[in-house]
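As structure tokens, the structure follows; a few thoughts come after it.
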Amino acid sequence: MRIQRTIKYEADRVRGFAKEIMGVSGCEQLQSCIQCGTCSGTCPLSIYMDFSPRQVMALVRADFKHEVLRSHTVWLCASCYACTVECPRQIRITDIMYALKQRAIKEGIYPKRFPIPILAKEFSEMVRSKGRITETLLVMRLFLKANWRAVLSSWRLGLGLIRTGRFVIRHERIERRAELATMLDAAGNGQVKPKEAA
Amino acid sequence: MKYTYFPGCSLKGLGRAYEESLLPVMRHLGVELAELDDWNCCGATAYMSVDEAKAGVLAARNLAIAEKAGPYDLLTPCSACYLVLNKTKHNITDFPEIRDTIHRALRSANLAYTGNTQVRHPLDVLVHDVGLDAIKSRVVRPLKGLKVAPYYGCQVVRPYSTFDDAWNPTTMDRLLAALGADVVPFPLKTKCCGGSLTGTVPEAGLRLTYILLKEAVRRGADVIATICPLCQFNLDAYHDQIDRRWGRTRIATVYFTQLMGLTFGFSPKQLGLNRNFVPMNPLATEPKAMAQRSQSVRGAP
Amino acid sequence: MKHENSNGDVRIGFYICHCGANIAGTVDCPAVAAYAAKLPGVVVSRDYKYMCSDPGQELIQQDIREHRLSRVVVASCSPLLHEQTFRNACAAGGLNPFYFQMVNVREHDSWVHTDRAEATAKAKALAHAAIRRVRFHRALETAKVRIHPDVLVVGGGIAGIHAALTLGNAGKQVYLVEREPSIGGHMAKFDKTFPTLDCAACILTPKMSAVRSHQNITLWTCSEVVKVEGYVGNYTVTVKRKPRYVNEELCVGCQECIKACVFKEGKFPDEFNVGLSKRKPIYIPFPQAVPQVVLIDPERCIQVKTGRCKQTCLEACADRHAIDFTQKEQLVEIKVGNIIVATGFKLFDAKRIPQYGYGLYPNVVTSIELERLVTSSGPTAGDIVLRDGRTPKSVGFILCVGSRDLKTNRWCSRTCCMHSMKLAQLVREHTDADVTVFYMDIRAPGKGCEEFYDKSLKEGIQFVRGRVAEVTDWALAPEEEGKLVIRVEDTLAGFVRRIPVDMIVLAVGMEPQADAQEVRRLFNMSCGSEGWFLEKHPKLAPVSTFTDGVFIAGCCQGPKDIPDSIAQAGAAAAEALALIDKGYIEQEPNTAYIEEADCSGCKSCIPLCPYTAIAFDEAKQKATINAALCKGCGTCVAACPSGSIRQNLFEDEEIFSEIEGVLSYA
Amino acid sequence: MPKPKIAFYWCASCGGCEEAVVDLAEDILGVVEAVDIVFWPVAMDFKKKDVEAMPDQSIVATLLNGAIRTSEQEEMAHLLRRKSQFLIAYGACAQLGGIPSLANQFSREQLLRYVYEETPTMVNDAKTRPQSTFQNNGHTVTLPEFRNVVRALDQVVGVDYYIPGCPPTPKITKAAVGALLEGKLPPKGGVLAPDIALCDQCPRKATKPTNVSFTEFKRPHTTHLDPGKCFLTQSVVCMGPATRGGCEAVCTRGNMPCSGCFGPTSRVRDQGAKMLSSLCANVASKDEGGISGILSGIPDPVGTFYRYGLAKSLLRRKVDLPTDGDRAKS
Amino acid sequence: MPDPNWQPRIVAFFCNWCTYTAADLAGVSRLKYAPNVRVIRLMCSGRVDPQFILDALARGADGVLIGGCHIGDCHYVEGNLKTLRRFQMLKRLLHDLGIEDQRVRLEWISASEGERVKMVINEMVEQVRTLGPLNLPKRFADWDREMTSLEESIREKEREEAEVVHA
């Protein structure tokens, strides 16, 4: 058994991180979290998380940026919004999870085990170039990039899709792709700006 | 009754059976659907993880085009699309920074969105606009004796739904009852199916699917009715893996529109029922067999 | 303008209070004083740390004497807080107190603005307005109004009972009006009370009987106040007395009629036992009810509804003739000087949180239902049982149901922690069930409460810190089969748990009564945003309302436990007594008056007065105002088309000069 | 001892005030007897230069009627002010702006365009408008400047007394002249009429009950006016309660409601606001829709409440009108 | 040219029992709002004489806010109803006299609605800011300028005459 020191020092905090997250539109309510645990209790995936959603809220509020961005929790969020609806303080927990995912992807910090960030990136690239998603092609690319073994284990699923006529191999695309590209560029450089730039 | 129709990527791919059943059912009920011109990906969950602003722009482009198409509500069958489009609509009103970004992007393409177009789910439209009586009057082969577990999933009822309760929605229950089905009380009706985690983190995602399937079987359901293409896929496509991990829980999962189509007299094939991995009990799809079945149910002690 | 020049030369003293840093932190007080010093008429202008302190008031008195001040202006907090303080200081200095004007630079300025320059500019303008205005002030006298010594207490819960007894014991005549057929309120339903675990009935019943037998208390049950007119000292109240179809004077409470009723068994949900037992159409609310008089439920009684019953009850009552089917609703008018409103609270409806399965799973009960189960006089004679009769082996208490939740009620209901711990201890006492309490925070600040928490822990009650996400009946593990499963994050342990139990008790919170808004209107009170009746000041006037002579006590003002309710009831009674024993009340001299020579007798003002204070003098052909009836709203003043009605303290010139003053931007 | 010199002048008004002087009838002889009229353009042939030639303050009193709308009127007001010991605003127009000041709801440009181009009876294809100077047969002819704003007299020059009315009644005129001649004048700035509202003298006063509230408003031409009942009880707006008395209720005696020409009492700064306040407070309805329904019976609040007093009301004029009517938008 | 330093000036008439108390509550709750509103306390909104509103505007207010108890809650039974009735007509009158609707506002704010005081004041300040200055004293001066020019010319003429006499 490996024994680890778990104490946190002030230097472990990244000052301003909480403020930055709470500055994202819709996330300001985090200030009034009372750590009741409804989010974790209601979350269907909290049973797999290293930090429960409630703990993530506490970590964010205390500026423990590295701990949060390295945790599995944000990648296990399936966006079912149960926590957001149930929270007695009306904290938009799902949106906070999105804000954390965006930061993790931007900073390149995420657990290598989970291909979700890769999925997200592949997804956005496909949308950018084609305007639409062709799910089967997206999944293929994901498997190619992330996990060869998964392809092998999923071959039966693929065959099934082909059998039921659901395996699409031609890209779905929109006509005015240039228009869409202009719009995405006009939206700016990515992150929604926090309200108070520190 | 006329609506602009936003299929979303899934209904052209893995969820094509949803479209295949939705369109004839709506036409049969006299509802006119005009597919949105040059629609694009809604922005979806995956995109939000990368860039929420751009996801909003994607959604807003669709909303703007829909608004241009006329004063019709935007019919959005896919739960994820329904959520993202509604969320964007809310964000535009609630958050000035998001509004500014989106308006800037729309302007760059000479588009505009004033917030007039409403985003509606087919379930909402069928129950509230078309009405259960009108639907009932079209039923020629009621689902007598068929035990259906209504499964709504998460994103249609949370958190932006305007037409049903987030905890205990009942619209589909009432619709299925109008089709003559036995609606099984299904307390997991809004629990998460695992979403994309079934593919990316199967040990977690598939367990959620498994719990749903197991509970539906335990409650004696013959079939699960769903309103979301991803839910349908998860509940339908992973039985092999689930069987391997936790034991056999075979049950078919179909779109509620497919069940409607059956009662209206469409053939299973017309409704895309042939696309299922786990086929729906053939008894239920055969009118004659169904009649027998309902008799046997009645005769049961 | 008659009054414009009547005051001649005035010598104004101006004072601005720092209020520590409360004002001085945002407003540059010396700068305001310097500005005021230059305004016409100002002979003294000072800033001072605490004007309301004794030295502050002394400063004013000294200046009045030394500088022959004829007017005083103080810029400090809200006049609603300290106007009287400074008026008294003026009077002590030998100046008519109404030569004083107050400027609110705290609540309306320093506390609500952040920019020092802007806040200072605003303070200057407000000061300027007051300095202009005070020039027109006149010496006024306060009028005295006699106080009617009788008191109305509305609501017969523990707060109302205690207030009525306190006043009755002081020799005052009290009307206690209760809409239910018995007094006792929620407390009468409790088995024991925390933290002492003494029996609720044992301490409440004697008080209830005392009310009934008290010579100074008139008790009206089945009654509601429907109209309140008048003002402090002189209220006229109309009470609706609903028929109970039993003559209270004649009934001796033998209950033979109940036995004789054509319904052989109880058939209708018993309100007192929150539906856990059944009663007949003729019934007594509960064994200790006061008055000990049966009543007939007109919705259920065959005779009342159809007139075609055998009326076996009449026979049973025999020659006492207490049962009277001809009773009709009555309206009674009473005169009182003060009113104490103690209308209590309503329990949160647990069905509003469907996740907890109340109404869906029979063994999910509310705290008040468990309270009735555990009471020896209750429907199960004190046995805690599941719906199927079994004794539970495990019980979970979910706290904060309908409390501290923005989706339902945001406030803490204050008693649920202790109430649940009490019930948990009683469950342990009556059964050997495992008890787990699910809480967000344990709030046990009352006297003896922390000790009670400690006792609960020592008795082996489990405490899990986490707000329960849901209660389900679907099992994921063998031990969960046939049980109710609580899903919760054990936030102290740091993981999600599923805990199967036999019975779940929902500690439902308190809400304002459903008709709180109507009651508020009836008595001319305010409600806070949450719907509780609003006290005049949260600290300084906790049982007073904005209407003089109307006091509040108990849970209608906000959630509280029994000791606090009684304390408030006592305080409200004391406030009423203070007024009664003084015998009169001094009225703010802000009445309207008519300059007789100016009035053309157009009669436009007369229908506008809600107090019929304005009458038409046929002999003089002029309108006249009865100062004793005038409440000083000024509506007629604004309406007099020829400017012939004026208002003390709010003269036209005073307000016009204030307008000019606030628009001065220095 | 020389007789006191008196002057009369007529500015923006209908001429009724001049008529009112004549209405003194035989009493005018007494006046003429007692005074020396040095200037009265409507009746006697004196010229401006005659006045200019008089020493300052040589006229004891000038009774000036009419509002001030043109440069000429302003000039004469200034001249007469200089030459008179007492300048008396005679009649509603001089005192309050009068009916001419209802024009303060429109810009100069709107007025000129309407009068010279758009009036149905106007034939003016060339759209000619009065010019302040033009050449005629080698002569330069001048016309006074038409001002942007109509003003009461005291908004131009200092005024010593006011004689109210449209027109002032012979009785108050006589009383004022009498007081003047006898030197029994009140302090300067006063209105030479009783400081009590009209109802005091109205014969219908007794017919008004003490509980009048309005469920509708009618206009005089839409209803049969009962000659014996208070107009307000007949739902007809009567400005009497807000109007200074002294006229002996000539209108209400003639079965027409008071329209307010005597102006407010000394205790009121804005006659219209006060009447509005009194009238509306007594509207019967308790909901917004009902209230506005009842109030719709008063279609023109400015014309109703400020018929004679717009220039002297607190706002004086429609506030968003341009000052320079020729250049700015109308 | 609008003055860049211009700030809206708003005079408020609050009734003692509800809105003034609510403003006190806003203070006690340390809510922050725009400093442009100056409050005059009256016992009831029914005391608000329309003259006060016109006078405030004429003296330079850019807006006037009246606060009373909610309908049905008046401390004096129906004082606020009388205010409402007057206000309806006054709005029409002001409209006819060229004053924008948003400049004069009637709000019902109960003693417990401190938040609402803040919201209403901030909203009104912003609306009035959008409308720009009303500044009637300046407009009155502008209107009077055409007169003073005449006075000046008269004085000029007198001076000339005096000089002629001298000469």
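Going by the order they are written in, the chains are A, B, C, D and E; count residues from 1 in each one.
Heads up, the rule we're going with is that contacts are C-beta pairs under 8 Å (C-beta built on N, C-alpha and C of every residue); 3 or more make two chains touch, one makes a residue touch a chain.
Predicted model only: the values in this text are computed from it and were never measured.
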Partner chains that chain A and chain D have in common: C
Partner chains shared by chain B and chain D (touch criterion as defined above): C
Farthest chain (mean CA position) relative to chain A: D
Chain of greatest Cα-centre distance to chain C: D
Contact pairs, highest-scoring chain pair: A-B
Mean-CA-position distance for chain E and chain B (Å): 56
Cα-centroid distance, chain A relative to chain C, in whole angstrom: 49
For chain D paired with chain E, centre-to-centre distance based on mean C-alpha positions, whole Å: 28
Separation of chain A from chain E, taking each centre as the mean of its C-alpha atoms, in whole Å: 53
Of all residues in chain E, the ones touching two or more other chains: 46, 49-51, 55, 78, 82, 86
Overlap residues in chain D, where contacts from two or more other chains coincide: 268-269, 274, 277, 279, 281
Contacts with two or more other chains, residues of chain A listed in rising order: none
Pairwise chain contacts, counting only pairs that touch as defined: A-B, A-C, B-C, C-D, C-E, D-E
Chain A to chain B touching residues, read off their complex: 24-26, 44-45, 48, 75-76, 78-82, 84-85, 95, 98-99, 101-102, 105, 114-117, 119-121, 123-124, 127, 131-136, 139, 142, 150, 156-157, 160-161, 164-166, 168, 172, 174-176, 179-180, 182-188, 190-193, 195
Residue ranges of chain E touching chain D (in the complex, touch as defined): 46, 49-51, 53-55, 57-58, 71, 78, 81-82, 84-86, 88-90, 92-93, 96-99, 134, 136, 139-140, 142-147, 150-151, 154
Partner chain C, residues of chain B touching it in the complex: 165, 167-168, 187-188, 211, 215, 218
Contacting residues of chain D [partner chain C, same complex]: 195-200, 205, 208-213, 240-242, 245, 264-269, 274-275, 277-279, 281-282
In the complex, chain E residues that touch chain C: 9, 11, 16-18, 20-21, 23-24, 26-28, 30-33, 35, 38-44, 46-52, 55-56, 59-61, 72-73, 75-79, 82, 86, 110-113, 115, 118
